[in-house]
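Two complexes come next, and they have one chain in common, chain A, joined by chain B in the first and chain C in the second.
And now, the complex of A and B:
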């Protein structure tokens, strides 16, 4: 025990014998660690943002449809809430759910007409589930089922050359395949992170929509938000067992792109860590070899005096480990400060169009998760300890006669 | 009638001494109200006037653009407000192109591809046969009667005719994009002009009658021009060549099979 303490204090003092060199390599380790953690946080931020946006963009964690709906989202594929479904929806794992009418329509103004997806929503339920309520920037969100009017996206309003308070005409097919049209006053305009969202969705209360296309109590979609998103897949399978005639899908299946994105992120983070570490490792090995080389006579003398090679190995190794631990500690601290300093995230609106293409918004937050932090630190410690072994092993294998006579 | 007048004059005589003067004043106040025809009625009669119960007409449509102009001659059969058939007869390359309108549904037929296509609602704002008229202008012209609130803005005399200016504002839930429409209609219910305004009150397009002729014993707008306000050198003119009203049209005229295979 006291040997270990002795080794530790020797190693610590040895580190500071060449202060400039130690600080330089520490700086390299801090920089590497910082790059790993912050970059991981940036990528995690991107993924989380896309994930949250997608889930809030009417996706939810689980969706229920008529079996034909996802392949061909038309009015004919509808369903109603029966006793089975009611029971499933009262599951304690469900945080919120909302029912929707979701059918293709055309919206026209004096000058333009645009094809859109018409959504009939339950205002209260939908507010707990998706982005709409907080995204209404002009006018206001529906306060009750009884409310009249339509909410459209900002971009769509521009495209239609219309504005809040004006009327637009909606056209869609009703249940009997008859064309229906109706005038609706714009009561709200929403601003979504993605232009596509603003362009392609218009919202009515479900009551208005049902009246408009004669759908009664029938629905196109139920979207569910869970208390724990991790349970999506398992719960969707359980639900689908008790709802034989309906199609229950978790977000993995509704939006496979999102699933792939999350998976790609996890593996690319590890690759990034390895690349940064490789650069770092050369620095560490080089510095330690240098230190060993400088102290060849010293080690030769120790061995000649009878110090066992494993103590030499232990001491040099410990020096390497201390370097890495100190470096990492500082790196974690600096990364944390970086994330704190960026606040809501960094603004990449200069690349807005490119970001839009990959479905991302203009501000990317840094998100440090425990998991990412552990992965980065463990990677550096494990691999760092292994690389520190090489110079230590070299030092321990010195032959006293050679070492002492080397000039 | 005779009797009634007698009784009326008797009453008048009776009250002559005491209330004759106030009565005249009152009558003067009330009289225009009785004489006035409602805006809705004017608009309805204007539409009836050019369509009749049934009608057959031949007209030429001239589409003018800055660098070209073309004209098409067509035959039109109408019955009531919701049935009509249009068929192009000239020029040869467009001959046979047709439109059938039943209620709010519209089909088009092109002999070149030998297909009948139902015009979807999504195209209702789009151009009809390449002209400045939209499909809606053609298919839903009579919507204006029931889905709008009409108000006579002014009445004036011009060339021996009385002209009514009617402002028509669509109902709140009407499937109409316009903010308002203003129609000028002559007392014999010839539509003189029809202007479409957007909801900001800006003029979007105007249909103007530039010539009136007598066809089949009836004054008819013989030349009408549709012009978008922001495109001064683009317009479409419809020139009526002949018109017959209230003739017998067999039911088979307004069928998809007749749209596809015309029979004389």
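And now, the complex of A and C:
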């Protein structure tokens, strides 16, 4: 034990024998560690934001449809809530759920017409599930099922050259393939992070929508939000088993792109860690080797005095490990401060239309998760310990007589 | 070669291991930068040429305001004539007129609201790849014919087959009802999800008749392979236009999203490169600094022999320059070799197809090999390392010969 303490304090003191050199390489390690953690946090922030937006954007964690609907989202593929479904929906893992009618339609003003997706929603249930209620910026959200009127996006209102309080005409196919049209007053206008959302969705209460296309109690979609999002896949499989004639899908399946994106970011973070580490490693080895060679005489003396070579190996190795640990600790601290300093995130609205194209909004938060932090730190420690072995091994191989006579 | 240069060259080989390790760090950085910059630029090239080639054209002439709010009334009068003027004035690969409207399209079973485009069939082939991607039937033929081609996904959703008739119902330019019944003569598959799901084309004069457009249309699309000369073309075309509120837009003005996406990627790319170069520079600075500090005695003697601090500093800079240059040559060659391989065989990333199709990006990427993509990264490294060498070189000036010679 006292040996280990001795080794430790020797290594620590050796590290500071050449303060400038140690500080320079420490700076490189801190910079590298900081870049790893902050980049990972930035990427994680991006992924999490897209994830949250998608889940909030009507997707939910799990969706239930008629088996033909996802492939061909039209009115013909509908279903109703039977006893089986009712039982499944009362599962304790479910936080909220909402039923919807969701069919293609055309909305027209006096001047323009635009193709949209018409959503008939249950106002109370929907408010707990998706973005709509808090996104209404003009007029107001539906207060009850009985309310009349339509809520459209800001961009759509511009495109139609219409405004709150004016009427628009909706056209859609009903269950018998007949084209129906009806006038609705605009009671709310919503503002969403993505223009596509504002342009492509219009909302009615489910009661109005059902009347409009003669759908009765039938639904196009049930969207479910879970208490624990991690359970999405397992629970969707379980639900699928008890609902034989319905299509139950977790977000992984509804939005395969989102899943790919999460995976791509995970693997690119690790590649980034490795590249940064490699860049640091050359510097670490070089610095350590220098430190070893200028102490050749000292090591020669140690060995001549009877110290075992492995003691020298251990000592130099420990110096390297200490160097990395100190650098890493500072890097973590600086990263944490960076994230604190940026607050809500980085504003990239200079590239707003580019972000829109990759379906992201303009503020990207830094998100440091425990997992990412562990991955970055473990990568550096494991690889650092291995890297430090080379100069340590070199030091332990010195021949005492040669080493002593060298200047 | 003068003495300073020879001394510098010999000095860097006094400690071969240290020199080689430092060189490896620099070479690694250079290879990595050449590799990634090449791929980054290559990907942008592909994205741009993809979108320019498939549908949007290199330039578009539109009425002012149409780009921001595409409305039926914001149109170009005598559009076909204007297009002809542009076509005759220069040797563009293709010039074609388009008109865009919105209508309810009904098949026997389904009704969808879709965007409808009127095109000049014989000229559209030169500005877009869509006519060549018709997988069933044929492309449009006469500019006055009553017929229509449709994207594969939309045809599937509408349950349409070749020869089926569709009913078109919309609003004309003057507010009248626009209606027609047209047969499907072709179904195309472009590979771009957006286009296959939303594009319907009919002959331009048929469009003008249905939508009461007269001689009006909305855009004149110009395509050419010479993407780098786009600014020149823009000037040329602008000078041709009758000066009545028409404007010529480059591809990056027609699709600002694509351009900003590229810029965003470019700047985040440079952030990562900058960090890498900075880490490498710190490692190198250490080596340089050590090489100088352990030679204090030697410098003392040199000073005593009458060397000017300036020429010793110069020697140190030359040492750094040699070392960096050799390393950069190796690193750049390595990066270039890797990129050349992928230039011929392409790099496809597993699982990326989904993402690529969604954003109309190529799923197989080939790097750009150009003077810019090869030299940009290494030059930045050279600049940084010389900067790192400056610090120890300047320190020489503060050495006192006698004191320095006593230094152990």
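Throughout what follows, the second predicted complex is superposed on the first by the 407 of 407 C-alpha atoms of A that agree within 3 Å, B and C clash if a C-alpha of one lies under 4 Å from a C-alpha of the other, contacts with A are read in each partner's own complex, and residues count from 1 in each chain.
Here is the rule we go by: a contact is a pair of C-beta atoms (placed from the backbone, for glycine too) under 8 Å apart; a residue touches a chain by one contact, two chains touch by 3 or more.
Everything numeric in this text was worked out from a predicted model, so none of it was measured.
**Student:** Sharing chain A, do chain B and chain C clash or fit in the superposition?
**Tutor:** Superposition result for chain B and chain C: clash.
**Student:** Between chain B and chain C, whom does A:113 touch in the aligned arrangement: first, second, both, or neither?
**Tutor:** both
**Student:** Is A:183 touching anything from chain B or chain C once the two structures are fitted on A? First, second, both or neither.
**Tutor:** first
**Student:** Would you mind checking which one, chain B or chain C, touches more residues on chain A?
**Tutor:** Touched residues of chain A are more numerous for C.
**Student:** With the two structures laid over each other on chain A, which partner does A:283 touch: chain B (first), chain C (second), both, or neither?
**Tutor:** The second partner, chain C, only.
**Student:** Based on the superposed arrangement, let me know which partner A:171 touches: chain B (first), chain C (second), both, or neither?
**Tutor:** both
**Student:** Taking the superposition as given, does A:196 touch the first partner, chain B, the second, chain C, both, or neither?
**Tutor:** After superposing on A, A:196 lies clear of both chain B and chain C.
**Student:** Where does A:48 make contact in the superposed view: on chain B (first), on chain C (second), on both, or on neither?
**Tutor:** Touch partners of A:48: none, neither chain B nor chain C.
**Student:** Is A:330 touching the first partner chain B, the second partner chain C, both, or neither of them?
**Tutor:** It touches nothing on chain B or chain C.
**Student:** After superposing on chain A, check 43-51, 115-123, 169-177 or 205-213 and name the one in chain B that bumps into chain C.
**Tutor:** Between chain B and chain C, the clashing stretch is 115-123.
**Student:** Could you tell me which stretches of chain A are touched by chain B in one complex and by chain C in the other?
**Tutor:** 106, 108, 111-113, 115, 171-172, 179
**Student:** Okay, in this complex, where on chain C does chain A touch?
**Tutor:** For this pair, the touching residues of chain C are 17-18, 21-22, 24-25, 28-29, 32, 69, 71-72, 102, 104, 106, 109-115, 156-157, 170-171, 256-264, 272, 275-276, 278-280, 282-287, 289-290, 294, 351-352, 354-355, 358-359.
**Student:** For a test of understanding, state which residues of chain B touch chain A in their complex under the given definition.
**Tutor:** 104-105, 120-122, 124-126, 170-179, 196, 198-200, 204
**Student:** Okay, in this complex, where on chain A does chain B touch?
**Tutor:** Counting only chain A, the residues touching chain B are 106, 108-113, 115, 162, 166-172, 179, 181-185.
**Student:** Under the stated contact criterion, what part of chain A meets chain C in this complex?
**Tutor:** 20-21, 24-25, 27-28, 31-32, 35, 39, 72, 74, 104-106, 108, 111-116, 158-159, 171-173, 177, 179, 256-257, 260-261, 263-264, 272, 275-276, 278-280, 282-287, 289-290, 294, 348, 350-358
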